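Here the structure comes first, spelled out in structure tokens, and everything after it is commentary.
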Amino acid sequence: MLPARKLSPAGATAERLLWTLASLTTLVALWSLAAMISDSRHLPGPMKVLEVLGQESASGALWSNMSITLVRVACAFFLAMLIGTMIGIAIGSYKRADQFFDSWLVLFLNLPALVIIALSYVWLGTTELTAIMAVAINKIPNVAVQMREGARQLSRDLSEMAKLYNFGPWKTLRHVTLPQLAPFAAAAARSGLALVWKIVLVVEALGGHATGVGHQIHAAFGNYDVPTILAYALAFIVVIQIVEFGILQPLQARVMRWRR
Amino acid sequence: MLPARKLSPAGATAERLLWTLASLTTLVALWSLAAMISDSRHLPGPMKVLEVLGQESASGALWSNMSITLVRVACAFFLAMLIGTMIGIAIGSYKRADQFFDSWLVLFLNLPALVIIALSYVWLGTTELTAIMAVAINKIPNVAVQMREGARQLSRDLSEMAKLYNFGPWKTLRHVTLPQLAPFAAAAARSGLALVWKIVLVVEALGGHATGVGHQIHAAFGNYDVPTILAYALAFIVVIQIVEFGILQPLQARVMRWRR
Amino acid sequence: MASGNPVRIRVKRKTFPAIGGRDENTVLRDVSFEVSPREFVVLTGPSGCGKSTLLNIVAGLDTDYEGDIDLGAAHPRMTFIFQTPRLLPWRTIRENLMLSLPDGDPRQNNVDAIIDRVGLTEAKNAYPERTSLGMQRRAALARGFIQEPDILLMDEPFVSLDDPTAQGLRELLVDLWNSRPTTVMFVTHDRTEAVMLGTRILRLAAGSASIKADESVRLSPSDRTQRDKVQAELKRIFESTPET
Amino acid sequence: MASGNPVRIRVKRKTFPAIGGRDENTVLRDVSFEVSPREFVVLTGPSGCGKSTLLNIVAGLDTDYEGDIDLGAAHPRMTFIFQTPRLLPWRTIRENLMLSLPDGDPRQNNVDAIIDRVGLTEAKNAYPERTSLGMQRRAALARGFIQEPDILLMDEPFVSLDDPTAQGLRELLVDLWNSRPTTVMFVTHDRTEAVMLGTRILRLAAGSASIKADESVRLSPSDRTQRDKVQAELKRIFESTPET
Amino acid sequence: SPAAHADARKLRVASVKFGTLAWLLETIQAEKLDEKYNVALEIVETATNQSSPVALYGGSADVVVTDWPWALRQRAMGEAVKFAPFSGALGAVVVPADSPIKTFADLKDKKLGVAGSSTDKSWLLLRAHAQKELGADLADYAKPQYGAAPLLTEQLKDGRLDAVLNFWTFTARLEAQGFRRLISMSDVMTSLGVDPQPALVGFIWKEGAQAELLPAINGLLAAAREANELLAKSDAPWERLRPMMKAADDKEFASLKAGYRAGIRDYWSEADMKSAEKIMDILLTAGDAELAGKGTRFDPKAFYAPGA
């Protein structure tokens, strides 16, 4: 449980890279093995999927679909994180607000994605904004619930200190509250990015956007075309893996630097 | 931010009940108002939905579908929480494990539900176990990611104390680790229950189970039968609201009692 | 406190509710006194008698009590040096000090000087958890001192420090107190420290604490540096009504 | 420690890496000494010199150093009373004590007695954060004392306590030490306490601390209760090589 | 294997709840045609069409219902499946009664809802028709918006769309509610020279399980044929179906009935085979990359007719 000796930043990055590569290699090896053993078209091996990926990439379909979906994911994600965090902090900090809005949160949290998507499309029409809104509305209660838990754990010692030293609301938020919420935000962001992506897939399928990874995956699902499904899923996962390795992990290391 | 005076448990429950009722009343009132103003078949009012709920309940369809879905939700939820928590604690506590399995987690976290459902059904056939497994597999990485964040924040002071006082693994887990993870577990449980329910809906729709709320909701969607969709969604939300009020909230109050 | 009104403290009753197996307990009962401007009141009393609770009430952090507090001015600048350091662990020591002052405040220019004064020059860019407990306490002291407050509340500020360091910091405190009109309420268990620093010593009794003794310290500034005079005064104050 | 082997401490170098704007700093250099069974070694030194770091190394909590530690026996029972209480905040004080012992251990029968001894009878079912800091420290002390260890490490255990309480606890410590063969390493800033309790006083120097002085205390148990003898010994030990 | 039944006459058929197949199956069972043709039908209810493939490959059903281009696509991917016709009913493009869109050419720059996706078969055929009639790609000529059928229907009713190309049950209901048929897919087929118009939708099963299932499948097809004859000429069986058709009023009921009857087809014939091949050609030239890209080609072996 006690962390090992710390490395220099460069050494640490190299080490992380090494581990990530080893990990991915093992994963691909296991996958190949499973595909070989099962020998079924419902579990294509990595080569088969890579081939499809190559075709889709060559035809340009991969890039256009990916970029559209990524923009939607990014917009919905930031919107949901922002609003969800604000709601979460507010209701986590004020007991009255929590008691009052808890039922609302339960309601919106458990409203099936289908309901939200269907109503959004009927009310707002098939626009880019609708897609983003529908996804964000699905995700906001989720973020709020997680951040609320964090807000409930805020240190009273530090709040009192901030009050006595006249930090004011903005400084308190930035230097006292948010650092304490960081682990909850990290959890919400990681699980949230995945959730947003999954809802975008559903929205793209139901909302009838002719483009986007969700559209492709659903079309492929209709044909039970597993290699294509996996190819598109994988393309997105690679993007997330890059974000994870290049942004989230270094950021997290920086943010947690103060811990002994 | 500083909590108000504490009440006796009975008084506290009565107060909570009051707030919950007030909150729900407001919600229903707002809903009626919105339904009245929009006056559209896309937003049936509470009376209309209640009527459908009455019909479905009288015919017994509500109860059989709800009970089947609830069993699936409960099984998948507990399975996912258990396994996800174990994985999360393990990789959050050991930096090496984290570095190695991080990519795997990213992969499984972002694998579209559709892929997991399709593959599960093809491999395991249409059984009850498949439904539960497919949902649990969807949810496990989500729980793991959240618990990992908690495990990363474990107090070194207390770990050292536990080591010196020979707590051993079991006592350390129960009295040192889990209480620190409680807020993360609460967040994972709340957002997780909702997620499991949503995935169960999808599984029931796609997996070829002839029963369950998901089946009903998707069938109703085919006819654009919004009152039925809302009736079934609401029935589940009421259950969750009861769980929240009767189990989660009192439990949380108990678990957080030590905080000043 | 330029106005010169005294701080009036009237706590009729402070009770903590029963939670988690412990009974409801009344910590303070009829603790009322006035502190004149520029007074240096030392509060002592057995561990758990309610000293910190009282300071929390004076600071306005705890409002759940019967009684009232009149700080003597509308918005006096008040600083509380807590019993634990309460530094932001995710900010370096220097950042903690800078943050305790409004951005661009001229007092921010004194931050480095005071860091030197409390002996943290080398560790000023360290995160609190990566310093020793004594260093964290000194950082918290520096953060309080730099405020130049009208009312200064201090809860056992000099524990966990070696004698020479503690002595240096006491001198720093006296300097600050002399240079600006500051009303001080100071909690300590160290009787010598109490007599050396205080102009008045208030002793609280254990169990539903009320004021047990309230004595002025009859020593001139020069007397306070003489060990035997301090000892004699200590005897007079503390041994007239024996503790426990 | 029935075997009677000394504890051998050899720390060639202990360095903390550079993190967050602070340079790499070497805290201990060539700190080597032996502690005989039943010895009561007091460690003193200026704040931040590395006392806690040294105890962490001896306790086996910090293994990232050059040197080695030989505890004199294969698995001596070792207890560390930390500089902060480190109680489980979600367990009551009594539960904290019970948990520190294996289930069903006969020592669990002494828990209530020791709680009474440290004056926490009323608060034993309270959660730590709902007690005063001094009470938390006493709970941590009780938790350490009840272990009946072979090696007892204590990091400034008696700060934040009023004199009579602290004195009572010192007596309790001496009783325990007399009743069982215990090797003690005790960190304090309080020289009087050091001389009253220790059989040997080890002084560490500031800045890459090495051992600055290592003196045996030449007082009989009865001498230790006499204030003037303690003062004289204190002078002999501390003023021969003046601090700072 | 899940398909290994002790009773060779048993057949599990996946059917969307309240879908048109359910009407047929209900009639078969009510008229005891299953007993007559010696097949024990077990109906596996599914919530959406999407779950059909899962039901087939997951082994919960022996027979599912979907279109034959799907079957050809599966064959191209290595999963040999067989197709036998169920319905040739086709959708249409409908517009509001008072819509200024009077002719096909009026769709220019209009918001046209397309049920399903951009690779929906009807949509591709409609585009081929537009190419022929207007010399333009309908995807650019009009402003298509793809989406789930129920959502598009609602959007048309709300005036958010100018026209909708939808599945036949949806268009039948819309027509009953006063919406106007701009062009039916049947007309499109005629214009493209497809004659006779074969069933697009049919029963699909795995060739691998065929040996075992064939008696039961033949029973099903025979029962379906007789049930359809009944449904085509008699109104009595329709009254029985009325609750599950969820028709809002008599007009809608009549419209659905007419739509179903128009889709009734006999066993797969050589003429159907020719038409199907033609449709396949059109689909491939209309640019269905989905089909073309995976090497899908027309394969007569995919089609099954009893006794053939």
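First chain written, first letter: the chains are A, B, C, D and E, and each begins at residue 1.
Quick note on the criterion: a contact is a pair of C-beta atoms (placed from the backbone, for glycine too) under 8 Å apart; a residue touches a chain by one contact, two chains touch by 3 or more.
Note that this is a predicted model, so its numbers are computed, not measured.
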Item to check | Smallest number of contact steps required from chain D to reach chain E | outcome: 2
Checklist outcome for this item: Touching both chain B and chain C we find A, D
Checklist entry - Can you tell me the least number of steps between chain C and chain E, where a step is a move to a chain it touches? => result 2
Item to check | Top chain pair, ranked by how many C-beta pairs fall in contact | outcome: A-B
Item to check | Gap in Å, rounded to a whole number, between the CA centres of chain E and chain A | outcome: 38
Item to check | Distance between chain centroids, defined by C-alpha means - chain B, chain D (Å) | outcome: 48
Next on the checklist: Quick check: what residues of chain E touch more than one other chain, meaning two or more?
Outcome noted: 50, 57, 148, 150-151, 154
Checklist outcome for this item: For chain C, residue numbers touching 2 or more other chains are 19-20, 61, 84, 127, 130
Checklist outcome for this item: Two or more other chains are touched by the chain B residues 2, 42, 118, 122, 160, 217-218, 221, 224, 257-260
Checklist entry - What pairs of chains are touching here? => result A-B, A-C, A-D, A-E, B-C, B-D, B-E, C-D
Next on the checklist: Considering only the defined contacts, which chain E positions touch chain A in the complex?
Outcome noted: 50, 53, 57, 70, 73-74, 77-79, 113-114, 117-119, 144-148, 150-152, 154-155, 158, 160, 289-290, 293-294
Checklist outcome for this item: Within the complex, chain D is touched by chain B residues 157-158, 160-161, 163-167, 171, 175-176, 179, 255, 257-260
Checklist entry - Along chain D, where are the residues that touch chain A in the complex? => result 17, 19-20, 61, 64
Checklist outcome for this item: Listed in rising order, chain D residues that touch chain B in their complex are 59, 61, 78-80, 82, 84, 86, 88-91, 99-100, 102, 127-130, 143, 147
Item to check | Partner chain E, residues of chain A touching it in the complex | outcome: 41-42, 55, 59, 61, 118, 121-122, 125-126, 206-210, 215, 218-219, 221-225
